[in-house]
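Per-chain residue numbering starts at 1, and chain names A, B, C and D are given in the order in which the chains are listed.
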Amino acid sequence: MKPALNIKSVNKKFDGTVALDDFSLEIPQNSITGIIGPNGAGKTTLFNVITGFLPLDSGKIIYNGKNLSRMPSYKIARAGIARTFQQLRLITRMTVLDNILLSFQNQAGEYLKNTFLFPGRVKKQERKNREKANELLAFMGIEEKAGDLVEDLSYGQQKMISLACCLASGADLLLLDEPVAGINPSMIEKILMVIKKLPEAGKTFVIIEHNIEAVMRVCDRVIFMDEGKKIAEGDPESVRHDPAVIEAYLE
Amino acid sequence: MLAQVLLNGLIAGSTYALIGISFGLIYMPTRFFHFAHGVVYAAGAYGTLAAISWLNLPLSIAVLVGVGTSTVIGLTIECTVYRALRRRSASSLVFLLTSLGLYIVLQNSISLFFGDYIQSIRIGAVEEGIDILGARITPAQILIVSMSLALTVAVTILLKRTKMGRAIRAVANDAELADISGINRDKVFFRTFAIGSALAGVAGILVAFDSDFCPTMGINALMMGVVAVIIGGVGSIHGIALGALLIGMAQQFGVWKIGSQWQNAIAFVILLIFLLFRPQGFLGKKVKKVTV
Amino acid sequence: MLKVERLETGYGKKQVLFDIDLEAAEGKITAIIGPNGSGKSTALKSIFGLISVWKGAVNYKNKDITNRSTQANVKDGIAFVPQGNRVFDEMTVLENLEIGGFHLPKKSFQTELNKIWELFPELEKRKKQNSGKLSGGEKQMLALGRALINSPRLLLMDEPSLGLSPKLVTFIMNYIRKINHEFGVTVLIVEQKVREVLEVCHHVYSIKLGKIAYSGKPEIIKDDKDKLRELFL
Amino acid sequence: MEYLLHILILIGIYVILAVSLNLIVGYSGLLSIAHASFYGVGAYVAALLALKLHSPFLANIICAIILSGLLGAIVGIPSLRIRDDYFAIATFAFQVITFSVMNNWVSFTGGPMGLPGIPRPAIFGWKITTHYDFLIVILVLCIIILWISHKIVTSPFGRVLKAVREDEIFAQAMGKNVASYKVLIFVIGAGMASVAGVMYAYYISFIDPTSFTIMESILIISIVIIGGAGNIWGSVLGAAVLVILPEALRFLGMPSSIAANMRQIIYGALLVIFMLFRPQGFIGEYTFRK
């Protein structure tokens, strides 16, 4: 199968310390890849260089045949890569519904010309998006929260919303930074159920997560990173039992 | 003519350095734009004026009254308003807006007490100037230049050699690590405001010795100080002095070539250039980028 | 010496620690290990008062010090070494130590300073240098020195190995052992790279997903890779 | 009666200024201390065109909007590189520079002497002369600007603006071109402010630089904050309160020498009090925190 995302020998340094060391990785279409590893392994940096929030020192990132390096992050998002952030980012003083609506792409109403000259078209699309947003919230089982301010939700629900925003953006590749960290088991269950259903709908996931049980349950493949390098790669059980992996924690 | 332009540039630069250093000292650990500092500066001149004309005190004591007034006002602002904002962990924008409000209240209070008209506590007549290489400088201006030099050195020593100075630099360098080391941030701020406000008072008085003044004297001087701090680089006293000199010189060359009315515009065009292309100033550390 | 009971805390809405109980016995080295994101550092920070405790209590020398200010903790003989070789990088080595010993009278500062020079002779050679220019290992020594100069009774260390080469980790761990052994300082150390820390500590806790997953002697798990895998993976 | 109409006209002018600044400060989170420059640009463009070219009122308004909008883009572009209080200082610099130009380019702007004798405007032959006439025109302009602003902030475009204000990085991650939103809202806000300037010039029939100082900029900010940043109706309320409140001083029999300072003190003190105790203003939603 053709890879959705192809990362070719990427390097990234922060004043002296190496965050990504000649790092290469292929992400197959419709897969769920987990990335684990100790602190400072370069996991979040990897997400940041893929999504254009940090410039690469060298290397190439190809997504669906497009070279992403040097592209501004909003264009990368438009190309179909959505992400969540470790310290959850959402517009907390807007409603859940508005956050989802914000995340849709190609909105006519985002151009003032349309708002004033073609209000009908904007209204129609807005109505459609509203329906889609409500469907999405229903699919995730949080439709009753649509009108609530995001800041009033629990942390787990907020994580759910940030996943919903990624889905609303229409992206095919979703990078989730700690989707289940810091939330209660029943919420973890819900989020994992949602993630598991999506590859068959054409979505591809890369997940950074410390909750190994969660990674084991949902990922097809696990990458173990340490000091900017790929230490192990394979199916979850084999990575877990790879001697090099436990060695990384011991050294 | 060139000699006079250079000398005027030096004098202007020195007055900016005086307020710039006092503002920069406070900005170092607090990291917000304390606009009300402009009034603290004016309070030095008006305190001295009040002591002379209302209380008939001799000049030397009047100067102390002036510096005292500045210090008290600066500290009162810190202990009442700013401390309350810090407890609320207000953003730097909130500090800036509050400070603008304070500035307006205090400047207009001065107007209410002293009137909006021009006042004077000049020392020595203008004719008493001294010739240096065909350029004229008055005794008050000599005082300004030498004091700004002395204060540059003194504040540098304060920051490098004294315990309090080190604490100020520690908070400026890494406030959380200063907390971890057991430094009391409120105490550091209190002392910084005390010294910074007293220095502003001194600056205000020195400038008033040289020229007439009115209640709005503070905002313009402060803005020149802010420009000096930004283009010099936050945290570097030498940088501030250098920045002040640069604006002073640029303005005086402007006066010479295109006319005196464009002084402000010149200073702020320089500021814009620095903000856009080198926001850390020429001696400052690189500004930390927003983290994702 | 330090006793933490039913501690719960987190950041904003995110709860990180659930019902943590732990103790650091006087004169011993206690380690907290676990994978990243488990809440080890959070535990240390909440003990020191850098982040506020939601529920539960922190007792030090039989006093309740829950949510006490960091300054009060420093004056009471607790020192904290944060993650990532953090030093005042715009100040010299000596100045860093002077900030560490800020509340000491001049005379005792000098004696304490001499002890630090003795412990880390490399630092004395570089005392006038800007600490931003030090190597990672030297920064870690300076960070330790800044904390030790107050002669603390309890030293809290947050992942000293982070960003250091394995050789330097051994080096720093030896210092920690020395500090504990010679000065009788009680140490509570958080670590992710565990081989070295298991060599030096007397008791070890493991935190996983915000809960205590193991508490006991380091010898028991040191060579048991399956147990370690269970704790980390 | 004339006095009452005068107050209403002033309120109208400040509503336009405050609402347009609110789009920039309250909805997009960019603190600008340069709004009086756009106000001034509008006034000077209208006055110069009317005096020198005798061009009609509506054409002058359009010219003012275009020129001021262009300047708005110039002020907005730095917001892509510098942020928060540093950006505020940059706008401060811009304000000082424009004031300098108004005050010093004597041959063109009349310098401190200002531009007197601005003729009464006319719209399609309707001469606007009385206070009543002016009030009607201002009212119509206010309604148009409020309508446009309301449309903007309730549209998907406005939703992105708020997202930029609250979390730029999230907005980018969701594919929004943050830079273009920032610049565009500056253009719009500046263009609107110039309309207030045009009306002011025609109404007073004399302008000089003292109406467009940094203090005027701060006054407009105070209106936005006290009314409530991030709420259009807050700016309407704020404008009414801050225009009427100082007028009340007059009825308390305060001598005019003191009244001017007291007015300023009221603005300043209200700004401090609101920042301390109610940063969201009367009915706003944005509190300048990230």
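Here are a few things to note about the model shown:
By definition in this document, a contact is a pair of C-beta atoms (placed from the backbone, for glycine too) under 8 Å apart; a residue touches a chain by one contact, two chains touch by 3 or more.
Since the structure is predicted, the reported quantities are computational estimates derived from the model, not experimental observations.
The greatest centre-to-centre gap from chain D, using C-alpha centroids, is found for C.
When every pair of chains is scored by its C-beta contact pairs, the maximum goes to B-D. Inter-chain spacing, taken between the CA centroids of chain A and chain C, is 34 Å. Chain A and chain B have CA centres that are 49 Å apart. Averaged C-alpha coordinates put the centre of chain B at 42 Å from the centre of chain C.
Among all residues of chain A, those that touch two or more other chains are 53, 85.
Of all residues in chain D, those touching 2 or more other chains are 169, listed in ascending order. Of all residues in chain D, only 31, 33, 78, 81-86, 88-90, 92-94, 96-97, 100-101, 103-104, 169, 214-215, 218, 221-222, 225, 258, 261-262, 264-265, 267-272, 275-276, 279, 287-290 touch chain B in the complex they form. Against chain A, in their complex, chain D makes its touches with residues 148, 151-152, 155-157, 159-160, 162-163, 166-167, 169-178, 184, 188, 285. Residues 51, 53, 72-75, 77-78, 82-83, 85, 89-94, 98, 101-103, 105, 107-112, 115-116, 122, 126, 165, 169 of chain A are the ones touching chain D in the complex. Chain C contributes residues 10-16, 35-38, 159, 162-163, 166, 192-195, 209-210, 225, 228-229, 232-233 to its touches with chain A in the complex. Those residues of chain B that touch chain C in the shared complex are 163, 166-167, 169-170, 172-174, 176-184, 235, 285.
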